[in-house]
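The two complexes that follow have chain A in common; it is paired with chain B in the first and with chain C in the second.
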Partner chain A sequence: MEFDFSPVITYFPTLARGIGATLLIAVVVALLSVLGGQLVAVISIFTRKAVSWPLRFFIWLFMTTPLLLQLYFLYFGIGEWILIPAVAVGVLGLGFHYMAYNADIFIATIKSVSHGQYEASRSLGFGHLATLFYIILPQAFYRAVPQLGNNMIIMVKDTSVLSAIGIAELVYRSQYAISVTFRPFEFYITIAAIYYLINVLMESGQYWFERRAANRR
Partner chain B sequence: MDINLMIDITPLLVKAAWVTLDISARGLFFGFFIASALVVLRTSRHLPLRWLARGYISVVRGTPYFVQLLLVFYGGPAIGLRMDPFTCGVVVGAFNIGAYMSEAIRGAIESVDSGQNEASRSLGFGRFATLQHIVLPQAAGLMIRSIGVLAIILIKNSSLVSIISVVELTYQAQRLIGSTYKPLEVFTLSALMYIVIIYAVMGLVELLYRRATRYTFL
Partner chain C sequence: MTAATDTPMVELKGVKKRFGALEVLKGIDLKVDRGKIISIIGPSGSGKSTLLRSINNLEEIDEGRILLDGVQVNRPDLKGLAFERHINHIRQNMGMVFQHFNLFPHLSTLENVTLAPRKLKGMDAGSARELGMELLERVGLADKASVYPSALSGGQKQRVAIARALAMRPKVMLFDEATSALDPELVEEVNQVMKRLAEEHMTMLIVTHEMAFARDVSDWAMFMDGGVVVEENTPAHLFTHPDHERTRHFLRKHLGNQPQTQPHG
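Our next item is the complex of A and B:
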């Protein structure tokens, strides 16, 4: 029972590439899930049932099944029909998963914007879409910020699951390093610390952003 | 959709779903005790104990469950922790959900108006008697609901235990997709089982919630 952290230092460039991949995936997934979630929410509120019910069904399906099962389905299922790279499957899978969670939040916040806002805007001459875009959605977005932040912090932690379908992010890189050095404890402790650091940074970012958003609400 | 295949694989998936339920139920059970211990530590009179609990909660909530699982299962032997995969899943699940649950329990206790506590203390109840007879009955409703949410998160997290080769629902689903090449059928059935489990838990939580709030006016 003696620890040797020197392999971690030797393989730190490998881990650093993993951190880069994790952060890149997280940024892409965050953009995809927030913008997509906004879109899904708008479509599922303002269209007829033939369109909105299937969408709500998918939101529900993504929220009631585990992420890993969805990833396996996309990875092995879509792979049957078309050949797409694992990174695309991972980003889309994680993106859809959190798109569903974000859409659920946006649906609630869009509905929470007072109907008087809509009526006032229409009577001032804005069209339906212009009202949505300039009046309703900005207000809904700022109300959603705290929960969106929480979701994104959970999402960054969930990027670690992508290693299960072979995406070379932080966990996968460290697994490679472990297979060479046979030092699982040291490496996993290190990447846990890295995730913790990312998490702490995101939480302070969330705090800062929420204060700014509160001013605009 | 290949109905015959779906009928054939149902027994396998039901057995695997039982393992999912088993591992989650045990995790929740032990997690509750860990959470209670953490709440006691967090409200302790000694500063180092409060710091210890806060640090533990912060670290567990700040790192991925998946990495915790890998750390304990593969890194554990280096510090003398050897466990079979199932036990490891239960232990890590319990320690993970315990951190989240301690926050839920503390939140529920703090949601009870502090006047209740003061009134009870001034009527001669002790610290623990106040907690037991006055505060906890009023906090129970909120506590049950938030623990219910965490139970569902624990069930969905239990899919990650497939990585350390526990044959639960997601592991079995992945293996069946690999052997039958029918992802849609396997996914439909296994998703259905997760949904059934989650709705059963939600129903149970609702039942307990009604029971716990029988005498409280909310």
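Our next item is the complex of A and C:
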């Protein structure tokens, strides 16, 4: 058989909308999962068991079950009672999933900041929360960057799973184009290259940030 | 927080502290007048570091009273957030310097110094920078203002830590074995900074293993062992004619020859 990429060019505007959706979802999920991950980590470290144990259970639940199952559960399961828009389910599902993974990292890096840092800050007159905010969390964040970066790269690829609940991201759009043009190879090769490109960009961003973080810990 | 000038800057009355079953401070009384420099010496485990840390409540005492410029530091009557507000306010008047520096590695040297005045006193960026540069100048590190702590030597780190503590304009400075973690050749530069503070009549409490430094710089010296003050006197007296055998024994081991191992508090 012969390759013919002209349908890809014809349908590139369709793919471009998919790329836009993928990137937008990825950015929102990254913010949600990183900020939420820090919050979950802080609460699970610094509060009493009645609060922290349910949170640890939440982390454990999201880390031990498949993402696709979690999305189906939120969309079709809970959808029996309340119909949540697919985009909201997608962003929240993916967001919670990676929030759990990121929280796990932050719990480790927050605990790795030495107690001397806490004491130095308190001795200047900073309170407990101010110390967390100005001293502990920034250092924990720098230490978390390598693993966070890896998680976020996996997350971008996982946005493709959202096509299963009908979100028009890159894979979903390409499937539509394939159904019209009957050119699966060309489209799959193209979107594979697009994911590859996004991840190469993210890796170089991560590399830049890690170098910046290296002399700050 | 003003008081009559004859109020001691720091006063401890019957301070007791236990770690579980072990009593590490067995009723300590101490008065430090403003502008005076007190050295506290003693073997490891004598309670000297615990005593210093108690003064700004990094260790909570079990009994007794601690006063800073007439204001009580330990307040068993205050709980939770009320106590936190109280102690945060008190601590702004006390500078603490730690054995292991504890500089904030994610902040530049200048930011280490200016963080507290900016966030706690609401100082604007310009004045904070001015203050920070002036303090870095005083410890001889103005040229390192934009550098991160990981690029500094131990002695430089400790000098920045002193500048950081001074940035809140404290009434008293607490030094917890400030030179114990330093390579021998870096000790002198930190001692010089502390000597200059002494000349400027900063009230200072110094826990140290540097006997020669303690003898030269302080107005009063205390020897602690087993959670009690064994004896206290002028440094001239304490270091040359100690009254107690335990003090003599300790000084024989520490004066003249370098300690063989890195001392720990």
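Here is the rule we use: the second predicted complex is superposed on the first by the 217 of 217 C-alpha atoms of A that agree within 3 Å, B and C clash if a C-alpha of one lies under 4 Å from a C-alpha of the other, contacts with A are read in each partner's own complex, and residues count from 1 in each chain.
The definition used in the following text is that a residue touches a chain if its C-beta (ideal position, glycine included) is under 8 Å from a C-beta of that chain, and two chains touch if they have at least 3 such contacts.
The shown structure was predicted, so the numbers you read here are calculated from the model rather than taken from an experiment.
J.: Mind checking the superposed model to see whether chain B and chain C fit together on chain A or clash?
T.: Result for chain B and chain C: fit.
J.: Under the stated touch criterion, which partner chain does A:138 make contact with: chain B (first), chain C (second), both, or neither?
T.: After superposition on chain A, A:138 lies in contact with chain C alone.
J.: Just checking: does A:130 make contact with chain B only, chain C only, both, or neither of them? Give me first, second, both or neither.
T.: second
J.: So, A:55: does it touch chain B (first), chain C (second), both, or neither?
T.: neither
J.: Quick one: is A:119 in contact with chain B, with chain C, with both, or with neither? Answer first, second, both or neither.
T.: So A:119 only meets chain C here.
J.: Between chain B and chain C, which makes contact with more of the residues in chain A?
T.: If we count touched residues of chain A for both partners, the winner is B.
J.: Between the C-alpha centres of chain B and chain C, what angle is opened at the C-alpha centre of chain A, expressed to the nearest 10°?
T.: 110
J.: Just checking: does A:215 make contact with chain B only, chain C only, both, or neither of them? Give me first, second, both or neither.
T.: So A:215 only meets chain C here.
J.: Figure out whether A:178 sits in contact with chain B (first) or chain C (second), or with both, or with neither.
T.: After superposition on chain A, A:178 lies in contact with chain B alone.
J.: Can you work out, in whole Å, how close the C-alpha atoms of chain B and chain C get once everything is superposed?
T.: In this superposition, no C-alpha atom of chain B lies closer than 27 Å to one of chain C.
J.: On chain A, what residues does chain B touch that chain C touches as well?
T.: On chain A, the chain B and chain C contacts do not overlap at all.
J.: Report the residues of chain B in contact with chain A in the complex, numbered from low to high.
T.: 59, 61-68, 70-71, 74-76, 78-80, 155-160, 162-163, 169-170, 173-174, 177-178, 181, 183-184, 187, 190-191, 194-195, 198
J.: Considering the complex alone, what residue numbers of chain A touch chain C?
T.: Residues 114, 116-117, 119-128, 130, 134-135, 138-139, 142, 215-217 of chain A touch chain C in their complex.
J.: State the interface residues of chain C toward chain A in the complex, per the touch definition above.
T.: 56, 58, 84-85, 88-89, 91-92, 94-96, 98, 100, 102-106, 115-116, 119-120, 148, 150-151, 161, 164-165, 168
J.: Where on chain A is chain B touching in the complex?
T.: That would be residues 1, 3, 61, 64-69, 72-73, 76-77, 80, 157-158, 160-161, 163-164, 171, 178, 183-189, 191-192, 195-196, 199-200 of chain A.
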